[in-house]
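Below are the structure tokens for one structure; questions will follow.
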Amino acid sequence: MDSTKLTSLAEAIDLLVPDGSTVAIEGFTHLICFAAGHELIRQEKSDLTLCRLTPDLLADQLAAAGVISGLVFSWLGNPGVGSLHAVRRRIEGVDPRPLRIEEYSHFGMVARYSAGASGLPFFPLRSYAGSDLPRVNPNIVEMQSPYGADPVYVVPPLNPDVAIVHVQRASVEGDAQIWGIPGCQKEVAFASKTVIVVCEEIVDDDIIRSDPNRTLIPGRIVDAVVHVPGGCHPSFAQGYYDRDNEFYLAWDAISRDQDRIESWIDEWVRNTSDHAGYLEKLGAARWAALAPGEGLSRPVNYGEYQ
Amino acid sequence: MTWSQTELMVVAAARQLGGVRSCFVGIGIPNLACSLAKRTVAPDLELIYESGVVGADPVRLPLSIGDPGLVVGSRSVTSMFDLFSFYLQGGLIDVAFLGAAQVDRRGSINTTVVGPYASPKVRLPGSGGACEIALNAGRVFIIVKQSPRTFVDRLDFVTSPGHIDPKPGRGGGPAVVVTQLGTYEFVGGEMTLSHIHPGVSLDEVRLATGWADLAVSENLAETPAPEPDELGVLQALDPDGVYLR
Amino acid sequence: MDSTKLTSLAEAIDLLVPDGSTVAIEGFTHLICFAAGHELIRQEKSDLTLCRLTPDLLADQLAAAGVISGLVFSWLGNPGVGSLHAVRRRIEGVDPRPLRIEEYSHFGMVARYSAGASGLPFFPLRSYAGSDLPRVNPNIVEMQSPYGADPVYVVPPLNPDVAIVHVQRASVEGDAQIWGIPGCQKEVAFASKTVIVVCEEIVDDDIIRSDPNRTLIPGRIVDAVVHVPGGCHPSFAQGYYDRDNEFYLAWDAISRDQDRIESWIDEWVRNTSDHAGYLEKLGAARWAALAPGEGLSRPVNYGEYQ
Amino acid sequence: MTWSQTELMVVAAARQLGGVRSCFVGIGIPNLACSLAKRTVAPDLELIYESGVVGADPVRLPLSIGDPGLVVGSRSVTSMFDLFSFYLQGGLIDVAFLGAAQVDRRGSINTTVVGPYASPKVRLPGSGGACEIALNAGRVFIIVKQSPRTFVDRLDFVTSPGHIDPKPGRGGGPAVVVTQLGTYEFVGGEMTLSHIHPGVSLDEVRLATGWADLAVSENLAETPAPEPDELGVLQALDPDGVYLR
């Protein structure tokens, strides 16, 4: 068994995420790898372009810390709460410096990853007709069907330099399984040149192979495997911990003020040595309150064929 | 019997869902309206969330459309690729709710910017799935707080098109708009006041509309007040008044 | 709970499969619904167009019995054994009558179902360049990318009138779960106007909802649910019974001779009243030899969130 | 030490897989060659089946590429959509095996018809996944029984193109052909005899080739005989001689 992919988050990010690279950190409300975002800040990475359908608090933190210089996205906000104030300051006021944006709709982003994962030069979708989005983003192009039906729009492939993909369980070889909301974790992993899998649990190969239909990401495309329990907080990992909605609500006031967000980043990110330190600071009581109960899937029989 | 503006909006939206089989749900008023409809006029309504959760029956009030409580006990959970491909483009969404920072008389929506795109006065969230939802859902319900700043003559940016020429999508486009002042339907693609909420005057509605000559239905009626049953269900759904205030 | 979809295979096929319709019966080696094919023969359906990547023994039987007049396909043969002799007779010798064919590659067929399921007017793929297939099938069209890369080919949507989809377990509402080789069961179900789900087991809704990520087909798109244990023989259902390889090997000699294949169909299909009768004729000993052992998936925790 | 023609072909193919990471496997000789290579020259070789099974380590000899025994204990099982999209078109297949009813000097393959397409003398299975495999795999290995009827000057139908102009796909195209008489590589896109099997003469090879002026490598060598180890592994893989005869 090849266990040479197993490493620490600090090492994976140090070695695999160069300054100036295009980095995808996906997860649709679920499995958002905040631990990786924090580590990018600790290592003072710079000039990154973040690809993410929903640049939420993660993007706000990376924007405030000066890690990212560009965003490829489809929806930016604090879900159910309001704005990303640090991101807005950089877009509206160019404060403290501008932020490049390249904007799609959700399915436009998913379609870009799908084209990227599939070696296709474009991907068609039924969107954008009558919208101003193609006017501000020349990558979104109308295309006629050779079969004479109404036109569709197409988007080009997106192949990030690095994808950081949080999953629930993985083997040391990088075979990764996800349940609950899958978002586009599979598509972004296959589309990216380098893949870092961050997991809640490292499990024996036997467990993965007991249910091969659940493997969304095969080890073959994975470059590093990192074990970071709790790595999605304040996002969540289905069955491992709940979404910390209080955190999302509290973020609004922190994010409204550049000084306050910078102090928050100093206190919670730069002054913690790693994600274990961050969780320790968060405290056992708060963490315990996020524990879900048990709701096990009923097994299925794959059989045994000799 | 008293009710809040929000409660009235939720009830007005829910009543429009009678007989609907599947609904793309947003957080807040849409989620409450769908949950209310499921318990009243549309017992077979299937709630579908942009996060890929199909057939959820939420046991707790979600703050996000990806709440883990939506997943548990749902019928199916899909990738976003499958959700947008097979459910939305495949024509399986009967009704979808959209919010709006600005909406015009044709039901086109802006959720992208206030001011010029390149140097916006206010940078809004953007499309998310709204653009494709507007084009592919069977009918679109718009929930918006009405004022001359939101009901505008000309959008700063068209994020999600409404009834424009040529018809941009395969779906039916905007069908219902619910605000704190009334409910609108679309007649020949023009937003038309069909119900006015109790205690609201037509002048108030016109003053809160940013275009001249607001169309008013010949059959303009007062929105029937929420029933005690409806309010009871709503208060059980949101006991802490997170959305209902 | 809506249990009005639950019906018998005979009734589902009688009501939902009109003569002259286009019928997809998929399943890639796995989950091929032979029971449905036999019922089409018993009911003397005619002029059907069968859509199927791999028209195997199922197509041979339907061709010999005169049920199908057309095939939309990508590979026709008896896997690992040889030819479909009845199909070949109809194509090569127009014996006893011609068989219309419309031919793609595997991914071309999958792409057609995907376009059909997604409301897209075409689907792009990296195939067909330099092949004679586009020459004999004008539906396969070269298309330039607006982004200037090398051209791709596109295929049009395929929306069968009816899909008959075998699955391992389903609820009475039609929510269907599959494990093992999924083939394109999901895509064909979403692409088809009418969907008949045939299952090995009807299970409580609770079991489906204990693992929603495993639901490939939602009840919403399902018109009829039919319980036919063993319905795939000689194909297989992972964890329920093995592939009957002896049957595939023996078929070659049966299929070589039109009289012999017709006697086989009389004996095994027309003279059995339904699939239970077919299995009874097959015999308990042979069935027992196909029983797989136990190989259970390890459960995952979805949690309980109050 | 004796061996069958088939054993020699399997061994010759397996030896070409040294260092290969992923292989699209077919049934019969390819399956045996990959299983042999995994136990000898390519221990990290990942077997990928057209049925969507990734990382199988077959415990029994499969008759079909969708054998349930391939699924149990595999690393991942995917839909055909994902397999062709992400694995094949995504460039993750290093080597793929294809069979052929006819092959020409450029490695183009016919598996569709003998005779005219509209009224064939023999209707063959068709492409299956072969056309896209030929265009997208890193290298294509062709296994075929050689005769003037299979090694033809002109194909009746091009199912899966080889080294033609312009280069049709993003993959490397045909790289190796193994027959019962020898092994070929491609030099400038031309099929070129590189190894001749023990006991076979060059005249026999030429007589079994349907085009004139068969290219022969300057470094033509005799295929090294199968090692006892290799034959032992093979006999354990196919104890009943289903494929090895």
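Note that the chains take the letters A, B, C and D in the order they are written out, and that residue 1 is the start of every chain.
By our rule, a contact is a pair of C-beta atoms (placed from the backbone, for glycine too) under 8 Å apart; a residue touches a chain by one contact, two chains touch by 3 or more.
It should be emphasised that the depicted structure is a prediction, and the values quoted were computed from it without experimental measurement.
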| Contact distance in steps, from chain B to chain D | 2
| request: Have a look at A-B versus B-C and report the one with more C-beta pairs in contact. | output: A-B
| said: Based only on mean CA positions, could you tell me how far chain B sits from chain C in angstrom? | reply: 40
| task | Measure off the straight-line distance from the CA centroid of chain A to the CA centroid of chain C, and report it in whole Å. | result | 37
| note | Cα centroid separation, chain C vs chain D, in Å, comes to 28
| said: Counting only residues that touch at least two other chains, what does the list for chain A look like? | reply: 114, 119-120, 125-126, 150, 179-180, 182, 186, 213, 238-239, 242, 292, 295, 302-306
| Tell me, which residues of chain B touch at least two other chains? | 53, 67-68, 71-73, 77, 89, 136, 170
| query | So how do the chains connect up here, line, ring, star, complete, or something else (other)? | reply | other
| query | Which positions of chain C touch chain D when the two form their complex? | reply | 28-30, 53-54, 73-77, 79-81, 83, 87-88, 91-92, 103-108, 110, 114, 125-133, 136, 150, 179-184, 186-187, 236, 238, 242-243, 245, 248-249, 292, 295
| field | Residues on chain D engaged by chain A in the complex (per definition of touch) | value | 21-22, 44, 46, 53-55, 59-60, 67-69, 71-77, 82, 85-86, 89-92, 136, 170
| query | What residues of chain C sit close enough to touch chain B in their complex? | reply | 2, 114, 117-120, 175, 186, 190, 208-209, 212-213, 215, 218-221, 302-306
| message | Going by the contact rule set out above, which residues of chain D touch chain C in the complex? | response | 27-28, 50-53, 62-68, 71-73, 77-81, 84, 88-89, 108, 112, 117, 119-123, 125-132, 135-136, 157-161, 164, 168-170
| note | Listed in rising order, chain C residues that touch chain A in their complex are 119-126, 141, 143, 145-147, 149-150, 152, 154, 156, 168-169, 177-180, 182, 207, 210-211, 213-214, 238-240, 242, 292-306
